[in-house]
Structure formats: C-alpha cells, structure tokens
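In what follows, subunit A forms one complex with subunit B and a second complex with subunit C.
Here is the complex of A and B:
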C-alpha cells in the first residue's frame, strides 16, 4: 500500500509527532553512540572527540570474537528453547475455554512485572546448594546430598528462558488464536493423528509467526546483561556483559559503544538473513 | 456398502442442548440433506458423525458396527468444511494428496490420484498452484477433491456452497449431485437453503429446535409436512387457524371446509392449523361453484413476471395465492373475490 505525501497542515502535524519522538528517543542517542565509537579514549580520563578505528580494531581479536560467537549461540539456543516449549504451550492455551485462557494470560503478564534482577537472584537461590531445589529432592529421597547447580550454563539458560518465556507466549498468542480451528479438524478427517496434525498443519501454517518469535526472543535475550553475571561463570559472560563492564567499570565508553554498534549490526544481519531465507521458502 | 445409523444421538454443551435424541438412517449410496434454520443443531450433528464432537448420548453404527468411540482420524469419512479449511502452506496438489501422504502412499500413486481427482472435479492441471491463486469456485472443487482422495465411506459437507455467489451456487448444486451419483458415495450435506436441499437430495432431514422434525423425499416434505414448523420452513405456506369438525372437515371462521382424512391424534373439536401452498390456492373473480370456497378481498398484487402473487383478506385472515402468468386471475386490488382451497391440497396439522 502506498500513500501520497501529506499535503495539508494536519497531515504534516500528525506525521511530525512520531518523527519528533523517534528523533528524541532513538536517532539522537543512537547517533551519539555511533559518534563516540570513533572517539579517542583518554587513559584514566574520559574520551575526547576524534575519528579513529582503534576501538573497532581492538574488538577484532579472538577473545572478543569468541565472546560474540558465544553470545549469539546463547541467544539462539534460548530462542529455540522458548519457541519449542512456548509454541505447543500457546497452542494448547488457545484450545482452552475463554475464561481459563484469561487466567493464564494474566498469570504470564504478572511474571512480566518481575525484573531481570529478581529473576536472577531467585534462580540463583533456587539452584544453590544451601537453600535450593536439590534439598527438596534429598528430602524426597531422590538424591544423596544437596548440590549446587548455579552458577553454570544450564542455570543461565534456565534464567534466560524464564525471562523470555512470557514474551514468547504473548507474541505467539494472537496468531495462534486466529488460526482457523477447522484447519486441524480437516487434517483429522484426512487421517492425521492429533500429534501429526500439529506438526504437518499447525506448525507449517504458522511458520511466519514462529520465525518472528524466534527473532524477537533472540534479540531480547541478546540484551540481557545481568543474568549471565548472576547465573553464569565468567566464561559464560556474553557481549552485553562486556559492554556493561567496559562502559561502567572500565570507563571506556568509546570501546563499549563500538561493541554495542557491532553487536547491533551482527544481530540486524542475522535477522535480515532469517527473513530472506524464510521469504524464499515461502515463495517456493 | 456404507449405511449409517444414528440411535438416540444427543449433544449438550454445558446447559445448552444442541442436538436431542436423533434416530436416523442414512441409506447406502444416497444423498441426505440436513436442512434447518441456523442454530437448529445440524452442524453439530454432522460434526458428531465426523467424530469431531463426542455425542453426549446415543450410538453411531456404520454397517452395523459401533463407531461412536472411534476418533475422527480413524473413521475415513471425507469432510468439506464451511470455510473449506484448505491448508494455506500447501499447493493444490499438496492439499489433495495430504491424506494419501499421511497413509504413506508412494509419490507416483499420489500424483496419479491427484490428477484423476482434479479431472473428476473438472479442474485439470492446477496441481502446482497455490491456494491463494484460486477463485472461490475453484477452491470449492479442491476441497471436494481433497475430501474424496481417500475413497471415504461417507462424504460429509457442512454448508459447502454458502461462500459462493448465487449463480455459481446453483450450478455447483447440480454438479455436486451429478458427482455424487457418479461416485455412488453415501453423502450427508448440511444446508439452511431449502432450494439447495430440494435440488440435491434423495432424502431431506428437516431439523428444528435441536430435533429431527421430518424425514422424507423432497416432494413428500413439500407436499405433506408433518407439523407447522416444517410447513412454514419449507417453501411458503398459508397457515390458517381451524377447528377440527369430523374426520374430513375443519371449521374456518364458521365455515366448514372439506379436507383429506384427519389422523387420530387430532380429536373432534380441537384446534389445528390448516396448511396450503400458495400455488394450490385459486383466486376467482366470480363464483363458478365447487368446493371449499371462501369470500375475500384483494389487498395486494405482486406481479414479478414469472409468477403473480395475490394477497386476499378473508375475514381478517390473509391468504396468499401464486399463479403462473397464463393463469393470472383477472382481478384488481380491492376487488371482492372467491378464494378456493382445493380439498386435496389441504393439510391439517396439530397447532
């Protein structure tokens, strides 16, 4: 759909408001960050205006390359787990009666009110040796003695998925509840079992929604910087943690800005790639 | 052979009774229409037959075998849904072959079957197209082909033609009927359109208020409705309040009319309804003598060319007559006329 240019004052005014908001809250801060990423860092001080690629050059080392790769892997895995668990969950949710759906959605929304900090500390306690879930398993006689599951990679994954799961469900809910109920029914009358119907009709019919949700969770968890510190070991620290570390503790804003730029460009490229691949398959 | 029997089938959703106590036999190879106004339970009933809803009461027997507890995917009934429910992620061929793929038939067999089914529904050579590229009528045919792909024992259609425009719908009714006769498959069609039901069916099942009201051939249902619901729903009827007077007479505003013998369920002196089709009512400019004549006055004439509809007021009761143009009564609005209700066309129904 294409529209002509607004030719009235009102047309300009209505278009101007989002423009102003976009500039104030997005374009200006982003431009500042982009500019700072080329500035010169003053050791022990702050930074001074300049134009150099030193910050980017420093980034291209095996150390940061590994961290970048690990960050993308962690977010990709979290996105895959969230969608793999969230999609069937949401599908079953939309089959429930209206009133029960509302109860579940309210519950999920209330989980959203928990901050990353609270989620991180709660899981680190739940997975600890002294006060964690393993004590419960010992009491039930399922384990010999309590163990510590945190910090660790599994604990980090658990925390990230817990954080992103409500978003996953809330993003998947509208397309899934709009899915025509007669589609799976038609598959049933053609001899497909409920499980087979789910994988051959429900999942492919909603491929677009699944790809969009994967991207959303991927980008969302990419920005998490507290959970890796609370639930992971130093080797599990993601690029977001490094950026925070550089910006706040090392007072190296130019380098932090350069890393942030790079992380953003890489994730944008990945998102674009997913769309291109998804689009090709849809067109075939 | 595929004869379906429904025994005391009922379905409740919470406190709502959608279908109640349906006893019905769908004979082998016949086309049966479930006809009724919206909300009468006809869609629920066909969904129970398909296995998409579990009946609250009653049993379903297919050739004498109890299939009540058989899940939908083990029944092998082909179904066409009101929304058609074509899979948007598959091509035409992919949609039609879906059932074959589920059953693990090999690729060459799938391709051959898809081609022959597309020929059957007169839509050859579109197997590679996407669903979005088809017109409404073409999608209709694809949905029919998909439902017939597994050579089902029963062919179920839930308001299959309701999305099509009037002209295409009429053409598809004839085509669907011819297709059904060619394949010889036992078929149940749900519809609210009585013209559609009359066009296609061997048997019409009139449903109303969650129950089966009458089962019969289209003509039987039209000629001899068993109650006022059927008389009113099928076509148009003049429904006149009368009192039973003897075994072959009724009193209408003090005048006695002769009618065919009245059944034992209506006692002498009880109130009843006289039903007569507008095309059976004759309006005469002057009294020529004969039976069952009442006096009236013309209140309205609707002349639509193919037929003439004359409304007459007979002592406060409105009687409508429809005549072919050649039998057009020579009357004008406001004329005093004689309205003839031929005894053989009168049906007396319980109030």
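Here is the complex of A and C:
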C-alpha cells in the first residue's frame, strides 16, 4: 500500500470531517475560553470584550496562591502513593496467567469508569459513622465506638488514590507487560532474591515509564473536582473546584477562564515533559 | 516473606481496598428502610424499584442513556475516519492531528468543560441536550481513536496491497477489508465511550447542568439535600453495567492487547 498524500476527493473528504469536527468543537471552544480570560468582567455576571490582565493578576494573590499550592501538593502526594503501590502491583499483574490478568483488567476498568460522584459517595459511606468501617472495628473490639472519618484530609486522599489507582495501573500496564521476561529471570538465575531483582533490575529498566506515569497521574488527579467537595472540607478545595465555583456560582467566567488557562499550561508542560523523559511511544 | 506468599497477599489487599466501598454501597442499597446503615437491617429491593418508578430518577436514567448512546456514536463517527485517514495517508500534520484527538482526554476535564461552556454560551446553545451529546462526543473521541488505530495497525498490509493490485478502489477496499477487520475495535471504542459518558459529570454539568439532569448530576444534587438509598442503587447498577460491558469486551476481544500489552503466546 502506497502511503502518500491523499490523491482523491474521497481521500480528502474522509480527513475533512474529523478535522472540521475537532476544530469547531474543540479548538474553537478553547480559543473562545482563551479570549474570555482577557475580557473585562461586568458586575452582575456578564463580561464585555476587552484585553486586560486583571483576571490573571487576581490569580496571583495569596488566597489563590495557597489553593494552587494545596492542589499541587494533594495531586503530588496522590500520584506518589498510586505509583508506589501501582508499580509493584502492575508488575505482579503482568506476571499472572492471561486469564487471571483479564479478570483483573475487567475489574480495574470497571472501577476506572466510575464517576467521581459515585466514588466520593461510596467512600463517604465507607468512612461514615453509621454504615462505615469503624462499625466493623467496633464489632471486632478494636474500637470503643463508631466514628466518622469523612470529610477530612485522609478521606480526600483515600478517594483520590481510589480514583487514580486503576488509571495508574493501566498506564503502567503496556511498558511492564512488554518487559522481557528474560530480564528478571536472568537476575534470578544469578542468585538475586525476588525483592532485589525487582529493585535492581525491574525498577531501573522502567525508570522512564515510572516518571512518565507519575506525571500523568499527577495531571489526572489535578482534574478531580467532586472528591474535594464530597470528602474534603472547604479548606481542601482544589483549583478545579475553584474554577467551577467561579464559572457557575460566582458567574465570573473571565476569572474562571484565566485559571483554566493557567491549569492547562501547567498540564501541557507536564505532559510534554513525559515525552521528554519517556522518549518511547506509548500505547493505549 | 517468601515471594510465593507475597503476591497473592499484596494483590488481594489491593483488591480488597478496591472492592470495599462497592460492597458497602451494595449493602446500603438493599436496606429495607431509608436510613443509611450497614450491614443492612432487613433486605429489600424497594429502592431498585424506586429508581425506575420515581419520575425524577427515571428521567435522569433516560437522559443518561440517550446522551451516552448518541455521544459514543458521535465519538466513533469522528474517530473512525480520522484513524483511517492517519493510517492510509502520510500527511505532515499527522502527529498534530492525532494529538488533537487525544488532547481532550489528557487535559484535566474541568478545562475542557469550561471550554465547552464558553462555546455553547457564545453560540446560544447552553443548556441543551444536543450540546451535551456533541461535547461528550468530542470529549471521548480519544477512546475509539486509540482502539480503531490499534485495529488498523493490526491489519496485514499485504492483504490491502493484494486488493489494490486486483483493482479494488478505495471505497471497496474500505468496505470489504478494512471495515470487517476493525469492527471489533470500533465496538470496543464505542463501549468505552458509552460507559465513560454514562459516568461523566463535569462536562455535562457545565454544559447543561441546570436543565438536563444526568444520573451523576442527579446523585450529586440529591446529596446536598440528604441521602436516599436510590443513589446507592445507581452506583451498584453502574458498577455492574461496566463489569458486564468490559467483561463482554474481554470475552469476545483481546483485552490485554487492547490495553497495549504484547503478551508472549505461551502465557
């Protein structure tokens, strides 16, 4: 099959439809949002065309700086936990028999597809006083009386990790399953313990994938919007919550757009970084 | 600890943590009374009935199903020609085009959602269901794009060349060779987009949250006014539906390959 530039009208037409759709409904919306971020806000929820940096300037106040710092901290911690647990987990997963792998993958995909609403709701029940885990601990005699663990920072972190863990595993799955089985086997033959093999052979061989995954999971949790509201207290609200709050409840679309633009630049820079460290082409 | 013991212990523990909120929610959904309680005091299916008899919840079910099924179709209709175009032809901007197709999925969703909000508000379609369908279609275009591209890559180029040398034209080649071979990948891309659209909150909320209530929006709105076991019912049904759909995908397709693995044949 010769692969060159399209030479027929139908060839161009097949490419035109998706290009038009993506431009109209993805590039144009982003352009409008970028424009609005420079617009001037008028009291009462409207905005008028303009070109000013007021929305960006407001963002650099102590209040929003603190929110940004907290958002980055929360996402960083969640990403670190997810990769620390997810990497050995995925390694073990890829060494399982195929049939078992498939069962795990179906389960992980099902959890991954769950709405943040449902995850937040489920964890708030699991950590609640009347229906939660503490009842079990009381029944086992480990606690005096049931307590409520939600909302709080720990609850938020549990929810975020729950949200991001299946994603972490599925991002790590392609590079780990492509790891030559001979590599750890050789280390084992030479007398290394499984633990030593894991840390001295498997982890270094996939250093790039680990860093790339950390960044991907970081960006993924940065987008969490409902969990901070469902499992955290108001001081745990992240940038994503603030953007929505400004757009919908404060009717300040220009300011929300400015924050979204900032978040997008951060995310794009980080995703770009994964290509630098990853170096290799990633699969699905 | 020996390695033989470590693997089932570690994986079992992770599985337990992943499963526990779902178990509690399933238990809560069976409560006979309206109180939030686990283990359930008295088992009943009345809240399952309520989901399908209460007009508010029923309406949310209908909205969610309509949006998910149609938006997955939109996603596929954009992804299929795009994947085909990128596979069949060599153009300089191919990487940029593919990047555009996966960008909605990689960026934090709140950004895409706000982009959609600005767009629909500007053209005056804010709050309409059609706007949600198109938004979800674009938002989830990545999934069928990745699966269909994977399917195209698995086609033996020699088969296509043979057809070409026998005089098959573009359209005929697509219909008789390419389409049958990528159909399973189209189906899985559709299924992924469908399930994720069903669960999606922020885009739907920003585009039409106050007029078109989907199930996730309905749950979140109801949470503000208190608790009803119907929420747990929805959660249970969503988990089961996802498991059935992904289970079917695994049954009739090659799930590890679809997720990017190259497995040695002997596993």
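Worth pointing out:
The definition used in the following text is that the second predicted complex is superposed on the first by the 242 of 284 C-alpha atoms of A that agree within 3 Å, B and C clash if a C-alpha of one lies under 4 Å from a C-alpha of the other, contacts with A are read in each partner's own complex, and residues count from 1 in each chain.
Here is the rule we use: a residue touches a chain if its C-beta (ideal position, glycine included) is under 8 Å from a C-beta of that chain, and two chains touch if they have at least 3 such contacts.
Predicted, not measured: the structure shown is a model, and the values here were computed from it.
In the superposition on chain A, contact of A:147 is made with neither subunit B nor subunit C.
Touching more residues of subunit A than its counterpart among subunit B and subunit C is C. Applying the stated contact rule after C-alpha superposition, one finds that A:54 touches neither subunit B nor subunit C. In the superposition on chain A, contact of A:179 is made with neither subunit B nor subunit C. Within the superposed three-chain model, A:190 lies in touch with subunit B and out of touch with subunit C [touch as defined at top].
Of the two partner chains, subunit B is the only one touched by A:204; subunit C is not.
In the superposition on chain A, contact of A:33 is made with subunit C only, not with subunit B.
In the superposition on chain A, A:137 makes contact with neither subunit B nor subunit C. Shared-chain residue A:77: touches no atom of subunit B or subunit C. Of the two partner chains, subunit C is the only one that A:25 touches; subunit B does not reach it. Across the two superposed structures, the residue set of subunit A contacted by subunit B and also by subunit C is 193-194.
The part of subunit A that touches subunit B in the complex is made up of residues 180, 182-183, 185-194, 196-197, 200-201, 204-205, 207. Against subunit C, in their complex, subunit A makes its touches with residues 1, 3-6, 8, 10-11, 14-15, 17-19, 21-22, 25-30, 32-33, 36, 85, 88-89, 92-95, 97-98, 101-102, 104-111, 113-119, 121-123, 125-126, 128, 130-133, 135, 162, 165-166, 170, 173-174, 177-178, 181, 193-195, 216, 219-220, 222-223, 225-226, 230, 240, 243-244, 247-248, 253, 256-257, 260, 263-264, 267-268, 271, 282-284. Across the complex, subunit B meets subunit A through its residues 50-52, 71-79, 81-83, 85-90, 98-99, 102-103, 146-147, 149-150, 156. Those residues of subunit C lying in contact with subunit A across their complex are 3, 6-7, 10-11, 14-15, 17-18, 20-22, 24-25, 27-28, 35-38, 77-79, 81-82, 84-85, 88-91, 97, 100-101, 103-104, 106-119, 121-122, 134-135, 137-138, 141, 146-147, 150, 157, 160-161, 164, 170-171, 195-196, 198-202, 205-206, 209, 216, 219-220, 223, 231-232, 234-235, 238-239, 242-243, 246-247, 249-250, 255-256, 258-264, 267.
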